[in-house]
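See the structures that follow.
What follows is a pair of complexes built around chain A, which joins chain B in one and chain C in the other.
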Partner chain A sequence: MLYREAGQFKTTYIRDQELFPVKQDRWGIFVIIGFSFIIVPLIANDYWLQAILIPFLIYSLSALGLNLLTGYAGQLSLGTGGFMAVGAYACYKLVTVFPETNVIILILISGLFSAGIGLIFGIPSLRIKGFYLAVATLAAQFFFEWLFGRVQWFYNYNNSGAIEVPVRNFFDIAVTGPTATTQARYMVVLCIVTVLALVAVNLVRGRIGRAWMAIRDMDIAAELIGIRPFPTKLIAFAISSYYAGVAGALFVFTYLGSAEVEVFDINMSFEILFMVIIGGLGSISGAFLGAAFIVLIPILITNLPLILGIPINSATVEHFNFMILGALIVLFLIFEPHGLAKIWSIVREKLRAWPFPY
Partner chain B sequence: MEILTTIFIQPFFDMAADPILFLQVIWEGFVTGILYSLIALGFVLIFKASGVFNFAQGIMVVFAALTLVGLHENGIPAYIALPITILVMYALAFSVERLVLRPLVNQPDIILFMATIGVTFFLIGFGEFIFGGEPKMMITEELLLPYGSITFFDDMLILQEIDIAASGIAALALIFLALFLGKTKIGIALRAVADDNQAALSVGVSLNTIWVLVWFISGIIALITGIMWGAKSDVSFALSIIAFKALPVLILGGFTSVQGAIVGGLIIGIGEKIGEFYWGDLVGGSIESWLAYMIALVFLLFRPQGLFGEKIIERV
Partner chain C sequence: MKNKYFLTLIASVITFVWLSQGIMAAKGIYVPLFTYRTGAYAGSGIPNANGMSDYLNMLNERDGGIGGVPIIVEECETGYNTKKGVECYERIKQKNPVVINPYSTGITLQLIPKSPVDKIPVHSMGYGLSAAADGSVFPWVFNYPSTYWNQASAIIKYIGYQEGGMSNLRGKKIGFIYLESGYGREPIPLFEQLSSELGFKLFKIAVAGKEMQNQSSHWLKVRKEKPDWMIMWGWGAMNPTAIKEATRIKFNMEKFVGVWWSGGEDDARPAGKAAKGYKSANFHGIGTNYPAVQDILKYVVDKGKSQVKDRARVGENFYMRGVFNSVLVAEAIRTAQGKFGNRVISSEEMRWGMENLNLTSARLAEIGLPGFANPIKVSCDDHANNGPIFIQQWNGTSWERVSGWINSMDRVRPMLEKAAADYKAKNSVPDRTIPCS
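Right after this comes the complex of A and B.
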C-alpha cells in the first residue's frame, strides 16, 4: 500500500534520469544514509563499530568492485585479495613518503596503483574466458602475496615484516593510527564507501555499464554492435581494482591498524567472491547485502552458543563455523542462486501489487 | 650487462657444470609434477563429466589422507582402514551428488563452482572436527610403501624410494584409468556423458550414476595423491594448497584433456623446480608459489584453450 509508483509522473528529462526513480526508494536511501551518518555514531558502541560496521563497509566496497567486474562485465576474478594488497601497500608507502599530505587523498590515490595493476592483469581477458581467466587472475593473487612478503622495500625494512599505520590527522582529528577514535575511523570509511557506491550506481547505468553488460551477455554480439571488447574489459578491470585497492587501504588503515600480507591471502579473494554471489551478481545493493551476510554469520555462529548458554570450547566453534558456513553457502545457492538482491526484488514486486497477488 | 649475464647465461652454465645436480633437480620436479598431474586429473574428470569446476579436489586429497591416518590412529589396521577410506570417499561422492549437484543442475557454472567451495569449507570443518587439526604422520610403513633412498654416481644423485613408488603407482593408476575409460561399459558411458550429456541421456545413460561414479573416481585419485603427498610431508590442512598448484596445470593442459593434465603436470613440476633452483635466488627465493601461474599465463596468451584443450568455438 505504501510502496506504489502510481501517480509519480516524470514531467522533465532530469526527473526521468534520477538515480532512484521511485520516490519510496529515494526516501529509503536518504533514511539509510542519514541513519548511518548521524544516528549510528551516536548510539553504536566501540564493539559494534570496530567488529561489525567498519569491516562490513570495507568488505562491501571490495565486493562492490568485484561485482562491477564479475557481475556486470562478466569477467570472473579470483585476484581480489592481491589487488587489495596492492592498495594497502601503495597507501603505506605513500603515507610514509608524503607525511604531510592528507591521508584521505592518499587512500584515494593508492587505489590508482591498484587500478594500474588491474589493467595489466586484465590483458589476458581478451584471449581467455571463464574459468581459464579465473585461474589466470590467481596469478595476481599469488604474485603479490609473494612480492609484499619478500621485498622489504614495501614494508620499509622493518623487522616485524608488518606495516604499521602511523597516526595521521584530517583537519586536526586523528583518523588513522592507534590514537584515532573508532567513530572517526567509521566516518572516514562511511564517507568513502558512500561516495564510491554512488559513483558505481551511476557507472552501471551509463554508457560504460551498458557496454559491460553487453559484453557479459554475449561478447561477440556486443562486438558486432560496435562495442570494443578490449578497452571495455580493461576499464572493468581497472575500476574494479580501484575499488579493491581503496578497500585494501581502508582495511589496513582504518580497521586493522597493522597488517602483514597474509591478511590478503586467497581466502580473502574467496570471501569477497562469496559476498558477490550471495548478495547477487550484477547488483549494487547485493554487494552490501552479501557483505552483511558474510560478516555477520560467523559472529552469529560464534556467539549463539554463548547466548543460549551452551558450554562449548572455542576450537569446536571454529570447526562448526566452517561447517555451517559451507552448508549455508550450498543451501543458499540451492534455494536462491540469484542472491539476496533477488529476494529483495521479489519482495518489492509483492509490495507493489499488494494486496493483490499480481 | 652483468645483470643480463646472471639472468640469461649463468644459470645455464650452472646446469652444464653439474649435470648430476641438474638431473636431481629434474627428478624432483618430475615427482612433484606427477602429483600435480594426479590432482589435475581429478579436476579434469569431474569437469568433463559434469562441467563442474571442482574446487574441492584439493580438500578431498586432505580429507582422504586424514581419514586413512585417523582411522589407523584409532587402532584400525591399515589393510582395513584403506577399504573403509575408499567407502568414505564413495559416501562423499554420493552425498555430493545427492545434496549439492542434483538440486543445482542446470545452474550457471559459477554457481556450481561456488557450491564446491561451500563443500570445501564444510569438509575442512568436518575433518577438523572429527580428526583434529594438528598435522599427522602418514602411515607409510603399514601401507607397505618403501622408504629409504637409492643413490647413483657416488651418492651424487639421490632418489627416494617413496618417489619411485609414487611414480610407479601413478603410472599404474593412469593405465587402469585408461583401460577403464576405454574398455568397460561404464567407462564408455562416462565418456559419452563427457562428450554430450543430453545425447548420452537420450540413449539411456543415467547421469546421476555417472556423476556419483566420476566423483568417486576423483575421490580415489585424491586418496592416492594424499597418501603420496602425505608420505613426503605430513598430513594436515596445509596440504590443500597443493590444489592451487594444480590449477596452472589445468590451464596449461586444458580443462578437458586427460593427456593435458599429465603433460601439463610434468611441465609445471619440472619448470617450477628448475626455475626455483637456478633463478629463484636472483629475486629472493620462494618463487615456486607463483612461477607456475606465470608460465601458464604466458602460455595462455598464445593458446587460450591450453595445450590439449578442445578448440573453443563460439556461435552467436
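Right after this comes the complex of A and C.
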C-alpha cells in the first residue's frame, strides 16, 4: 500500500536511470535531506548537534569510504584511522600555511593528500588479498600514528603536541574554531557529507563501481572480461582514502577542535570497520545505519538512566555500555549477517508486497 | 515484534524531547566531575574520582553544602578518552556548571579554546597545558597549585642537590620515560632547554598507550644507555609496569623519580619489596590524620555513601589528590560567595573566585587540613601559583616524605610566558578584556 509502485511508468531512458527509480524512495530521500537541512538546525540544541549529529555524520562519511573499498571492491583495510589522520594533519598544515584560503576548500583538498597516501598503501593489494592485505594496511595505521606523534613539523612545533583548530570564516560566518556556532559546523559537515554521499551513490552504479564489484566477486573472471585489476583496485583505495581523509579533517576541525594523534588510533579503524560490517557491506545506506548504531547506541545507553531517573553511577553505566553494545553486535551478526541495510531492504520488500504478500 | 519496534520508537522520541529541553532546574551549585573508573587508566582514575566526590559529598552532609547552598556533584565517565570527553562536556554544559575538572590533558587541551566562548572556567589541577599559567592569555584556565614545567624544573633541582650541586649535573645522563600523549610530551620543551643550559644529557623513551603494559623493550634500552637518573611521566597502568621493569633490570630505585601522577600506592606496591626507594613528586599530604579526612570517613564512607570499596584506601595518595582538587574547588566557590553572596554562583563568578583564591595555612587548618599543602595564592597574571613540590619515597609499604619544599627554577616563568605568547599568536587569541580585580 505504502510502497505501491503500480502506475509508475518510465517513459524515457533518463527516467529509467534515475538514482531512486521508485517514487517513494525518492520522496523519502528528499524528506530526510530537507529535514536535516532545515528542521534539525532549528530544533536541535548544542548537545544534539555537537555530541550526536556531527560525529554521526563524520563517522558515516568515513564508513562510506571504507564501504567503497571493502564492501564494493572487496579489499579489506584496517588503515582507516591512519588515512583519517593524514586528512586531519594535511588540513591543519594547509590551514596554517594558507590562512586566507577558504577552509572548506582546504578540507576538500586535504582529502587529496590522503588519497595519494591511499594509492601508495594500495599497491600491495595486487599481490595479496584478504587478511594479508589487512595486515599491510595496518602498517599505514601504525606508521601514521608514529609519524604524526614524533615529527613536530606536522603539528607546527606546538608545545602541547596537539593540533589546535584556528577560527576560519566562510563568507563572514565562523565555521571552524571555538567561536563557530554548532549550527554552522553542522551545516558544513552536512553539506560535505551529502555531496560526497551522492557522489558515492553515482560512483557505485557506474562503470567504476561495476568494475569494483566484478573484482570483489571474482577477480579472475573480472580480468577475463577485460577489467584491469591494478588500476581498479588502486582507484578504490584512492577514493576510499579520500573519503577517510575528508572525514578526518572534519573530525578535528568541526568536532574535536583540538586533537592529538591518539584519537586516530587503531580503535578508530576497528570502529569504522564494525560500522561497515554492521551497516551492511556493499551498501551506501548501510554506512549511515552502521554509524548510527555504533555512535548512537552508547550515547543512548549512557543517557537512559539519567532520563528514567535511575540513580546509578556513571562507571557502572559505562560497563553496561560495553556489555550491551558487544552483545548487540554479536546478536546482529547472528540474526542478520548482511547488516542493517539488509534488514531495511527486507522491510522494504515486505512493504512493497503488502498487503498481498503472495 | 511490532510492539517492540513501537516501544523503541517511543523511547527514542522521549529521549529526543527530554534532551532537547534544557534539563533540570539548578537547585544548587553544579560541579561536574570528569572521571574514569573504566579503561586502562582506571587504576589511577578510581582513587582520584573517589577523593573528589567524597570531599564534596562530605561538605553536603556535614555543612549542607557551601555557604548553605548544596553542591550538586555529578560524575561523567570519560574513560580518559577525548571523544567521550566531548560528549560529557556538551551534556553537562546545559546544566550551568561552575567549573570543569577534565582530569585528562587531552580533554583539557580541547576545552581551553572553548572556555572563553562558553564562559566556563577550566581547572586542570597540576596537569593540562603548562602555559595556561599565564592568566593574561588564558583568563578562563587555571592550573594551580603548580604546572608540569614547575615540577619538571624542581625535579631537576632535586637531582642536582642529590648530586651535590647543580654544576655537577654537567655530563650526567638523565633518562625521561613518558606516556606518548599530550600529557607525557608536555615537559619535554623544558627538559630540552634545561639540558642545554645545565649540560646534562637527556634521552627520551616514549611509551605508546597501547604498549604501556609491555615495556620490556623500553627498559632494555634503559639498561643499554645506563642513565644516572630516570624521570617518569606515566599514568594508569604504565606506572606499575615501569616500576616493575625498572626493578627487573636492577635499576637503582633511589635514582628513579616519578611525576606526581606516578606516585600512587598501587603503582609501587605490585613491584613488591624491590620497589623500595622509588621516588615521586607530590604537593600535598597523605593519610587520614586530618580532621577533614576523619569527617569524610564519618559522614560519607561509614554511611555507605562513598564508592570506596575498602576503608583503608581512604587517605592514599591519589585519593588525597582528588580531595585536594575538591578542596580547591570548594574554596574558590567560597571566595566567590564572599563577594557575590551566599547563593548559587554563576560560572563567571566562579572564575573570579578562582582568580582571587587565597588559601593560607591558617585557612587550611580551619577546614581541617593543617599543613596539608603549601599556601596557594592565585592572581590575575599567575594562574599556576608557581607552587613548590616535595619528593616522597616508597618504603615498601607506604610513602615517606624525604625532602622539604622545592621551589621551581626562576627561569620557568619566562618560558611559560613565552609559550603562552606563542600559543596566543598561533591561535590568534584575543587580548584579555576581563578586568583584574
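To be clear about the criterion, the second predicted complex is superposed on the first by the 357 of 358 C-alpha atoms of A that agree within 3 Å, B and C clash if a C-alpha of one lies under 4 Å from a C-alpha of the other, contacts with A are read in each partner's own complex, and residues count from 1 in each chain.
Assume contacts are C-beta pairs under 8 Å (C-beta built on N, C-alpha and C of every residue); 3 or more make two chains touch, one makes a residue touch a chain.
It should be emphasised that the depicted structure is a prediction, and the values quoted were computed from it without experimental measurement.
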item: First (chain B), second (chain C), both or neither touched by A:Asn45; value: second
item: Which of chain B and chain C A:Ile334 touches, first, second, both or neither; value: first
item: Partner chain(s) touched by A:Ala136 [first = chain B, second = chain C, both, neither]; value: first
item: Contacts of A:Ile266 with chain B and chain C, given as first, second, both or neither; value: both
item: Chain B versus chain C as contact partner of A:Gly161, first or second or both or neither; value: second
item: Touching partner for A:His319 - first (chain B), second (chain C), both, neither; value: both
item: A:Asn202 touches, of chain B and chain C: first, second, both or neither?; value: neither
item: Contact residues common to both interfaces of chain A (with chain B and with chain C); value: 145, 150, 266, 315, 318-319, 322
item: For the chain B and chain A complex, residues of the former touching the latter; value: 53, 99-100, 103-104, 107-111, 113-115, 117-126, 128-129, 133, 244, 247-248, 250-251, 255, 283-287, 289-290, 293-294, 296-297, 300-301, 304-306, 312, 314, 316
item: Contacting residues of chain A [partner chain C, same complex]; value: 43-48, 50-51, 55, 96, 145, 149-150, 156, 158-162, 164-167, 177-179, 255-260, 262-263, 265-266, 299-300, 302-304, 307, 313-315, 317-319, 322
item: Contacting residues of chain C [partner chain A, same complex]; value: 12, 14-16, 18-20, 22, 35, 37-38, 49, 75-77, 79, 82-83, 86-87, 90-91, 93-94, 105-106, 109-110, 112-114, 116-117, 129-131, 180-182, 185-186, 189, 206, 208-210, 307, 419, 422-423, 426-428
item: Touch list for chain A against partner chain B, complex; value: 70, 76, 124, 127-132, 135-136, 138-139, 142-143, 145-146, 150-151, 218, 220-221, 224, 266, 270, 273-274, 277, 281, 315-316, 318-330, 333-334, 337
